[in-house]
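Letters are used for the chains, namely A, B and C, taken in the order the chains are written, and counting of residues starts over at 1 for each.
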């Protein structure tokens, strides 16, 4: 059905707009301001236009960090989204199992991110960690501080462990919101379990899955604390993702200029890809533009 | 039997999920020396020293309480502002609606560090540094857009015919919203409340920057476990375990709304 | 098409039912003939959706058996019973076109593509959906969507029965009439067994050949719309059917009159004889259409006080007070009415006696 046309709906949106704009616009202006100036000291600023941007974009270490970031986020989406959906499908619909499942799923999400990193440092150490001990016991020489592959494996394990529950919880809520009548109709139509998933469940989860995909993309692209605590960006540069590199740049410089320019570019990349994801997800299945 | 396979798979997943947490629990019940000294699957000499230290140190448990306060404030503000807005996005077309909707999400796309200095200056100006409300408001930056997006998704799953039938029957908007609409989207409200709580609870940067002592959250206090001798594993583990509890309680209370789902009421 | 027999069906949603009130369905024992158009009429909560779900197989009854054409299907799930159900709100496969929606049940049964094509087009034609076949189902209006839901049932040529659970709830009022007419047409054309659940008597009475009135989990009367109107077997049927519902006056019998708080209403001999034999609390029932109103005293009429007059266009509703009870009469538009006092006559043809809510008959 068509939405109702009514500009007075803006009043409903006003509180949200005020709250968020208040927080967002001022910082944004500040960042843009810094990104186009060279600051030598208090009161000594020179407008340098796009110079910082050019410098930042030419940096080959930035390119490397960017590729690593895309690989990381890509893997995150490929693993967490299907896995989260599978878990939501497997979760019970009634009885005590529901509460038990929900609480268990929520646990990894509630741990502060620096603590997550610490837990996994410990967990993967052969001397004091269960995972490290088991893997070493199996004869595999695993050391995430020395070998890039091991570092990536550990990071992915940590990341999937930490965030898949978010996808699962969203998918589960989305599944529960489907009226029973659809399942009844599917039964009456003789649909198989796969057909029910493909034609009823998946389409009706589109809203929650869009949020899950966008959230996981954005948050994984911005990730900082967990990998920083776990590997510090190493060994070498092998796990230096974009935001870790940004902090290195910001700390290393005397000037806020390059960091501000970098932040804007960072933001624009995420904006672009989120927008692309969003457009793609809106048009999937309906055949009509929303 | 598909049902059996599904449950076994789920049970395995949950067991794996709980392993690192169990390990943390294990560590929290041992002293630092014990942890570094030997590898053990369970605490041979369980001790509550770590927990006692946390509960008796004022800066620890006040951090706990502070977090709960500003997270609750934030969840309430986020929900209350997001519900009408989400309804507007779901039901109405108005100037700039699509742009506004997407713009909300863009507030989660910038590295948080970008906002630190401006936020600090902003809240200083209003004299709100080291207050709970400052952190609660700062967290609205990323929680309110999330709340609007999630709620809009669930609201759009409710057919517009239900609204129309209610208005035809003479319901006023507030009455319709509270007695008819909200029960239909309770799964969404539950999820939203949980995520607002969760993202606010684990957020470090703003919480640390905008507070000094009065509103200092637990997550910030936990970084003090780094000492000259290295990380106090036992203490960190105990604090980590304790940070999980309030969130676990919240999702416990919300579980019925999540599970009940959509029941098509007769208007 | 099938004949459906319900044998001693009772159902409770409570795990260990104790007394009668735990049962949503108390005792349903009924045969639905092949090809009939039935309406299940009753107020909210009377158990009609429960009964429908027992018939369709979405619910297994606590007691009793269900038979299709003599075969016991009580333990069979809906897909094995070959029924179709249309729900209160349109239930569609949003991502599919109208054609694919209609074809879906046939594809699941591995019917040949040619046959699917032919069948779908036939059904689309009957439902006036042919121009929309290529369109996405999600974009259509509510009434078209309900037609698609119906179509998915019609498309299976061996469908046993089509069950409707208040299907017009979300349809615009002006389109309801069209859709009702379409349903009746389809019934006449295809002679399928159709069971239509509703709380709206107009829908029930216009659609069905036989109406089953349900009240608190029981079938209180089964009959044609005419029978229900003229001869309500149960007080509830009298009250629920007709607009406005039947008037009821508690009374006692003495001599050859029914006495309502000191006012005597003459009854004919036959009714009097039946009334004498009846046990329980007696009530006099008369439909507003049957109540005769006079401006002055005539033979057999009793005095009453005028309370109100509502002009409903083609008829008037005349409210009077008789010995402390309110009665309504439905009068033709042109009839003149007295202002303060009226005289009422109870023609034997329209006057019924009820004992403990049930019709007293010979």
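Keep this in mind: a contact is a pair of C-beta atoms (placed from the backbone, for glycine too) under 8 Å apart; a residue touches a chain by one contact, two chains touch by 3 or more.
This is a predicted model, so every value here is computed, not measured.
Chain contacts in this assembly form a complete graph, since each chain touches every other chain.
The chain pair with the larger count of C-beta pairs in contact, out of A-C and A-B, is A-B.
Distance between chain centres (mean CA atoms), chain B to chain C: 51 Å.
Chain centres here are Cα averages; for chain A and chain C they lie 56 Å apart.
Work out the mean CA point of chain A and of chain B, and you get 16 Å between them.
Each of the following residues of chain A touches two or more other chains: 1, 179, 181, 204.
Shown for chain B are the residues that touch two or more other chains, namely 159, 161, 264.
Within chain C, contacts with two or more other chains are made by residues 88-89, 142.
Every residue of chain C that touches chain A in the complex is listed here, in rising order: 56, 58, 77-79, 83-85, 87-89, 91, 93-96, 104-105, 108-109, 136, 138-139, 141-142, 149, 152.
Those residues of chain A that touch chain C in the shared complex are 1, 179, 181-182, 184-185, 187-192, 195, 199-200, 203-204, 285-288. Contact residues of chain B toward chain C in the complex are 159, 161-162, 165, 264, 266.
Residues 1, 3-10, 12-13, 15-17, 19-20, 22-24, 26-28, 30-31, 86-87, 89-94, 98-99, 101-115, 118-120, 122-123, 127-131, 133, 161, 165-166, 169-170, 172-179, 181, 193, 204, 207-208, 210-211, 214-215, 218-219, 222, 224-225, 243, 246-247, 250, 260, 263, 266-267, 270-271, 274-275, 278 of chain A are the ones touching chain B in the complex. Interface residues of chain C, counted against chain B in their complex, comprise 44, 88-89, 142, 169-170.
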